[in-house]
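Chain IDs A, B, C and D follow the sequence of writing; residue 1 opens each chain.
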């Protein structure tokens, strides 16, 4: 791969010379220089099937005399181009020096019109009810490359509709254009070959093999792959037309894999989450479980108001109470891997103003060796980088429990962690004043003295550091509930309350300027300039730490996993 | 005493009857105005107001509704029951007084208005409340009081537009008062002329004097001047300077509402009715049926009422008179929806530069003509004064 | 004039007293060539085949020696030999006769070929419907294995190659070599895209593979027997050897004839060999080499200069010599030699509708043009035969065919398009006439009979 | 540019009096007054509304009583004043129209916002929304003037066209279910 990236070759597309990597797929190569070659079956992450025939173009190579190998020149002394007699599919071809392409010739146009017409003859007129409408390649290419009218007057084929392929995927066979992307995904990526075609010719029908169903945790990727509306997400089905939805780049918080996502919302309501391509993290894939995370925004146990001693309070009253409680006695902090790097940095600043030990909970669960890692928080490494943690935390807060039992801690400031679940019994917890900042209610919030509601990942912006020590930004997708502030602003307010100085809400770029100066690994990082694909940070300082993550897609653990060791606790 | 009392009672009843007739004529003129306006504009006009009970009568009821017969009733009731606002910034006394002043003169003038005739033996007598000798002067005097209502109303409202309306009104009315008064002089000369055999300014006499020929025919120019002045006096288009809603919102009555406005409104129409009646009397031979050209054998043509018994002749003469009057009321409306409003300077020009000199010339001319007439057909006869 | 047959491949076909067991074959000189061949060098054998100029007999007519030359010997992966016995082209039945009557000729040819290309495993992919053929072959293989003509250490040469029979599921597309390979691998019979999946490099199980027709593999035996150069002298330049012409359809005596390439014209075969048209009828059209070839119409003429002889020619349908070169000059191909004859009682619209029905049914459904186009053509021509045609359907049909040919992974696209592409211009008047008459409510062509 | 000379000849005597013009005017108004009236007695008599009139947008059913709207939300998208709001929903499998799969759970048109431009009708791929002949919209509250699905169907009624796209689809499905395709 490396040398193909450095080896540039010149190819000629429609008379223009372009420099592209050698051996690159022609569809990708053309796209990289801004020439669109329409395609259905081709997908950069899947094997080439070459069956849709949409990417037919005219190809030619400079002519050479067969016997002598000398270039054949035309009357003007220019090397003749030996055009192939038939159009060829671009997706099954690679770039090579001197390749000539015609993507706008009459023959190419005629081929595309022909293929579009064929694809449409048995495609139902379902656009008004089809969830794909608006992001449907068939619609797009029909307008861009189609003939504009149909000559088809026969009856259309009838195939099964509303087939439940699995718990999350619904299939409409009539809309299927048999590109086989989903089949190839299941075979090659998911390695769970359950999809296949039955019947023959135009009656081909996509089905699961007998006795199987499409129930893999990656099944919804087939929906993303489907260029038409044949495979639809049962969750998103008929919820909203996509042209109303606004995509916002975000990061999946399901695990430390840091899957790049797009969150699709309309008027402050999230309707679906799809993967965002990042070839260094998740390619174009995402787990189904991560797609359901947006339900937490509207969850029933969401906290929406500030509370002091169980009563509703204003933010001013709450911060005042926080100051009072923090001055009672020794303070302990329970940070979280759910916090963004910026929030962790603010926590560190708070811990400097009002000194106290910072504890983390190591959330470990099942990984699938793909895009779900064993660490169930998105930003544990952020805690290490910001200096909140010196070493990997434990799965339970034993140290804090011991301190509580000894009465060495009077106040706990907890950031979204359920302390009861983390191994501290409710009775013990009641000995301390608990200040809880979090988005949802749990057992700890019942005990807490001060409740400060925070925003979910969809409602705030910031950055996470994933298992590869890759710093990735997420943007605010929807506005949070009225009156709620980002955690960075809340912490700044508490700090100024304690210090007694004027409060200003910190911005992320501002915090990054501070962090860039204070933290070695962050030196030179500007928030606005963190690339969409993330920024790999220097992880050498933590190379020896036994992280629990195991090998997954695009991830190789640097040190031995700590799974066995830590689960002994 | 009994006969006096009886006389008084009869007069009171008669007066009430008069008021009722004039007022309902005024009210129905409003309806007439709306209907005529509609018809001229290709519309239908008010045809919705229904009176419970009567409107349920088959055929007739709906027909009446269609004619809008009940509309004035509804309007009146509405005026009565609407809230009567009294703006805080007005001069309250004059503000309240003005509408009364506007209406009262119109009603007062009817006292001297003969509306028909009846036979008292062989003597023809007018149907009139008060057959005073100076009837026409009385009418002129009282009629010109109407301007006070407008001026006071406009001034008392203490607001720009009514004030303008009032000022304009006073100027206009004074201007046309002159032409009006002078345009009548030939009539009076004629009526008291030697050949009429009558004397005095009684309106009855003026009517009687027109049995040979209606004066409008003899004297078209004074009749025209009188008519034009009448329009100006009643503030009707094309002389509605005091109201001119496009310029002055509503003119003098901008600040008025409810019943007070109603009074102004009815006053205007009462003026119109009275004015029409006066014109009929002065120039159109009153209740005289048709001119008899002074031929004795054709006298029945001018005065058929005298040949009939009183119970028939009297009412018929009244009805005929009202008919003529109503025609002029209609003319008012017809002209209103035909001619556009004059500019204010045009109003003044017309009044002072054409009508007043014209009227003066007429006075002189007719004085000479009638004088010459007298000399030519000198009839040595003492004019009889009808009591 | 009688037809001069030159029976080489079919030497023992229909021979009195010849049976398909190994004893009979050996008695007639069988497996002698194999014995000779395993002593030779494989490169020499391949050169012989290349020299012979043998064209593949599966229909496409690609030179066999060339195909073998392309084989990737350097990859280190095992090489496979596959015999394509999926003879499902309508009108073609030459291989069946070979398998049924002379299976050992095939086995001998295959073993020589396998030795020549160094294959350690050979397959016979036989059409699912040929149940008896599969049994005969299996029996023959057992017999040959018992005599060590295949299996381990063949005839003591140290060369081992096993041969198995694989029965197909009965799909036309599995006669396409990459479709066949997929099917042989146990998958759905989808032809593969070329590039990159040339069987000579990435064939069966992604290993170098040679797929040859039954007849072609039989010819290898004869080429080795005769020597490549000598073999090349048989027939005409560019098409050596003999051809089996299998005539079916509306002639008096349908049957097959093995003739030297170019030795006879089509007319000679039809009139002299098959006895001419049925009484009172006239020939109308012929599809010369299996259903997928372009149709020829009686009354057409072709003129030009023949590349072999250098002479001018002026041929009607009867005058075309039966060799690949001449057929190519007439815009069609000899292909498998299964000629289908239609006479004036045939309703050409029905015939075309029937052809379209076949291809619509047999399309694998992988590539869009063939999948949708073949069914569209089927539905359209079905509607035309139902009397609901419009005049614009005729050019539409041609246009659909034009949109298919040359734009698919395998040759099925061409196969489906060519009959229409050739028939529509040639019989357009007949189609339009029928459409018009049907629109007027007349019954068209009482002599014709419905085919679908 | 051609100069047009306007005739400004002095007025003669009669013209100066304006009387002929005044009398002419009176004649015109009198003629008008006597002409037959064409006024429509509005609430009882209604004008004939032309077919292409753009009144209140309504939803229609097909002659079989099926809701034509499939909640594709194109009208919501195209509506310039954003007066339309659709809540999409699916059709239960037990419904006889289950083959249509989708219909609006609610369909709101805010008549206070609607500008009667007719773009919803133009954009509708299912011919389900029509601006019909209703032109007098009134109500006592804002909420009342947000028309919901039931009201819109009540106003819209049935569209008697012969567009049985979905019925034909259902027939084809049933045919295939009964006989298979090949």
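Assume a residue touches a chain if its C-beta (ideal position, glycine included) is under 8 Å from a C-beta of that chain, and two chains touch if they have at least 3 such contacts.
Predicted model only: the values in this text are computed from it and were never measured.
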item: Most centrally placed chain, judged by C-alpha centres; value: D
item: Rounded Å distance, subunit A centre to subunit C centre (Cα mean); value: 53
item: Rounded Å distance, subunit C centre to subunit D centre (Cα mean); value: 67
item: Subunit A and subunit B: spacing of chain centres that average the CA atoms, whole Å; value: 94
item: Cα-centroid distance, subunit B relative to subunit C, in whole angstrom; value: 120
item: Touching two or more other chains - residues of subunit D; value: 182
item: Contacts with 2+ other chains: residues of subunit C; value: 361
item: Interface hub residues of subunit A, defined as touching at least two other chains; value: 155, 157, 203
item: Graph class of chain-chain contacts, one of line, ring, star, complete, other; value: line
item: Interchain pairs in contact, sorted by label; value: A-C, A-D, B-D
item: In the complex with subunit B, residue positions of subunit D that touch it; value: 22, 25-26, 28-30, 32-35, 37-39, 41
item: Residues of subunit D that touch subunit A when the two form their complex; value: 70-74, 76-77, 88-90, 93, 99-102, 125-126, 165, 169, 172-173, 175-176, 181-182
item: In the complex with subunit A, residue positions of subunit C that touch it; value: 171, 188, 190, 193, 195-196, 360-369, 371-376, 379-380, 383, 396, 399, 403-404, 406-409
item: Interfacial residue positions of subunit A with respect to subunit D in the complex; value: 124-125, 127-129, 133, 155-158, 161-162, 203, 237-241, 243-244
item: Touching residues (chain side subunit A, partner subunit C) in the complex; value: 48-54, 56, 85-87, 89, 92-93, 110-111, 114-115, 117-119, 121-122, 151-152, 154-155, 157, 177-178, 196-197, 199-204
